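What follows is a pair of complexes built around chain A, which joins chain B in one and chain C in the other.
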Partner chain A sequence: MIAQTVAVALLGAVAVWFGAAVFRTSSMVRSALSLLASMAAIGGMFLAMEAEFLGVLQLMMMATEMAIMAVFMVMYMMDPGGLGQMDMSHQKRLSLASGVLAGLAALAIAFLGGWGPVAATAPDAAAQTRALGIEMMTRSLLVFETAAVTILVAMIASVAVAIARRR
Partner chain B sequence: MTTLLVALAIGAVLFAIGLYGALSQTNLVMIMMGVELMLGGAMVNLVAFWRFLHPERIEGQMFVLIVMTVMAIEAAVGFGLGTARFRAKGSVEMEEAAELKG
Partner chain C sequence: MTAATIVAALLAGAYVVAVLEGWATTGRFQPGAPLVAGLALLGRESVVPRRPDRLLYETAPVLLLAAAVMAAAVLPLSPELVAVDLATGALFVNAAWAYVMVALVMAGWGPNGAYAMVAGWRFLGQLIAYAMLIVMPIATVGMRAESLATTAIVSSQVGLWNAATQPIGFVLFTLAAMAVAFIPPFDLPTAPGELAGGVAAEYTGVRLAIFRLARLVLVVTLAAAVAVFFLGGWLGPWLPAWAWTGVKTLAVAAAMFAAGRFVPRLRAEHLLQWTWKLGIPLALFNIAWVGVTLWWADR
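On to the complex of A and B.
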């Protein structure tokens, strides 16, 4: 249990460090890479919390998504490397105040909430994955199918919106 | 209990950083990054709740899968809109998109 706590805390510190680094650099590519590192650390936290399937999924999915994000950054920006030191922020004080308030509220709920007894063990990875598969194909089938159709619609709509108009 | 609290605290800090980023950035892709961090914080909380409160209930993991789907949809829609905006105006700076106000 102590090893698990240390692993979760260390990986969490990495996730927070790189999460903050996303908005501290003027280079868009570095921002994308920092977000990739933060998301990978979150995947590591999932593994440390014994959610193996979700951990591996998070690592694979986020690595792909951030690579795509970096490509779009280079496409959209005149200065993706941040050499011109462009400032791309506004209303910093308000944003900072909102972030701090939301964080404090969430921390207060976390530390003051009565969470009840904590489970000592979790099912092994194979049992979890099997249970998740059965859950997806039985009770949560409608949710799963709705999510699948929604993502398909989003993909088609995005391509339709983004495609160049023929004259 | 300590591990649960550590995970919840990390989730809260990630959410706060994401909110700051989503509100303070003017570039569409950077705003999307802020939203991704907020959803990342939510996922950490969900996994922590599943692991330390009800590991026998797999619905907790199902909820995380749905949040991952939301992240993918957000990215697909965001990049679609970004590309359309870039084609029309040559920029994805949201400060230049004031005409989208209702």
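On to the complex of A and C.
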């Protein structure tokens, strides 16, 4: 139990560190891969918490997603390598404020939300997967579908913007 | 002990695969060649290109090796000889292979070279071609075993191998596995003769040795995955269990190299067209087919 707690804490620290690294570099590829490292650390946290299916899924999906994000970032940014000393940030006050607000909101949910009693032992992998499926198809269905459709729209829109006009 | 045996088996497999690949590409059987080439690489200066993204450049070969070894950790040589018997083993293999692409994108971007970069992004496109054809056949294999544990998948094939019950999935998975390890005709990210080695173009010396070793281990894990998922893994008469897995793995690797020898390299857009217009519909049909046959058998 102690080893698990330490592992979760360490991996959490790694996730936060790489999360900060995303914004500390001008290289788009480094930025995307830092985000991947952060997400992979979260996958590791799932594994440390014996949420095997979630952990493996996180590790698998994030690798592909972040690499594809790297492509989009290289496509749209003027200085993808970060070698031209170009400042690519904008609306700093607004993003700072919204970042702080979102962070506080996440912390508030984490500490104030009712999470129910702590499970003494993790259910076995099959039971976990089943519970996850039931959750996704009932209570979280709308959240899940909204996120999926949003991502799809964003993908189509960004590809549409990138295609040269044929007329 | 188990882990040490698996690592030893991986290294031995990588060596044999290197000999096989040399045989398939040069047409000459040279059992000593990988040893000589490996030692020569270790003795050579490891040149770093000008203005590289050092972090990515150094990480890429190591990450490739780590990804290949991680995949090997859940593949069983025999019922006892498996490093980690995860309940989600079949999914974990795929998660590990996803980092092959990450490593190649790093190796493409890191050295600050045109050929390498083209090759790295090309492999990302290749992932979009093969990824679904890896996942969907794994799903049907899991459907039959009613488990994603690799050992359970082998045990489910006692009556008949998955290659016989789901031949479409078998063929698609084997082709996709060749694309993961960029074996010809899917060697787009290295593309000898066109991109001068591609992702590996800017690597020399020890770094190239690690890169090559990682790729050989990757081929072993992919061939082993084909053997475990579709060819009954350790199941077979007379020989001990581990020997059957070994023989099947090497046979699959040999077949992959032999097929690549006679087919010209596919162009990136043709690969994507074939996989999305033919491969994915076939994989979906395979899922339906396996579902119906399982339901019929259960009736």
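Following the convention adopted for this analysis, the second predicted complex is superposed on the first by the 102 of 167 C-alpha atoms of A that agree within 3 Å, B and C clash if a C-alpha of one lies under 4 Å from a C-alpha of the other, contacts with A are read in each partner's own complex, and residues count from 1 in each chain.
Everything below uses one rule, namely that a contact is a pair of C-beta atoms (placed from the backbone, for glycine too) under 8 Å apart; a residue touches a chain by one contact, two chains touch by 3 or more.
Computed from a predicted model, the values in this text were never measured in an experiment.
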Would you check which partner chain A:Ile68 touches, where first means chain B only, second means chain C only, and both and neither mean what they say?
both
Per the contact definition in the header, classify A:Arg30: touching chain B only (first), chain C only (second), both, or neither.
second
Once chain A of both complexes is superposed, is A:Gly12 in touch with chain B (first), chain C (second), both, or neither?
first
Once the structures are superposed on A, label A:Ala125 by its partner contacts, choosing first (chain B), second (chain C), both or neither.
second
Could you look at A:Leu57 and tell me whether it touches chain B, chain C, both or neither (first, second, both, neither)?
both
Once the structures are superposed on A, label A:Gln91 by its partner contacts, choosing first (chain B), second (chain C), both or neither.
first
Overlap of chain C and chain B interfaces on chain A (superposed complexes):
53, 57, 68
Contact footprint of chain B on chain A as seen in their complex:
1, 4-5, 8-9, 12-13, 15-16, 19-20, 22-23, 28, 31-32, 35, 38-39, 42, 45-46, 49-51, 53-54, 57-58, 61, 65, 68-69, 72-73, 75-77, 88-92, 94-96, 98-100, 102-103, 106-107, 110-111, 115-116, 118-119, 121-123, 128, 131-132, 135-136, 140, 143-144, 147, 150-151, 154-155, 157-162, 164
Would you mind writing out the residues of chain B in touch with chain A in their complex?
1-21, 23-30, 32-34, 36-37, 40, 43-44, 47-48, 50-56, 58-59, 61-62, 64-66, 68-69, 71-73, 75-77, 79-84, 86-87, 91-93, 95
Note which residues of chain C are touching chain A in the complex, please.
51, 53, 55-56, 86-88, 91-92, 94-95, 98-99, 101-102, 105-106, 109, 112, 121, 124, 127-128, 131, 147
Quick one: which bits of chain A touch chain C in the complex? Just the residue numbers, please.
27, 29-30, 33, 36, 52-53, 56-57, 59-60, 63-64, 66-68, 70-71, 81, 83, 124-126
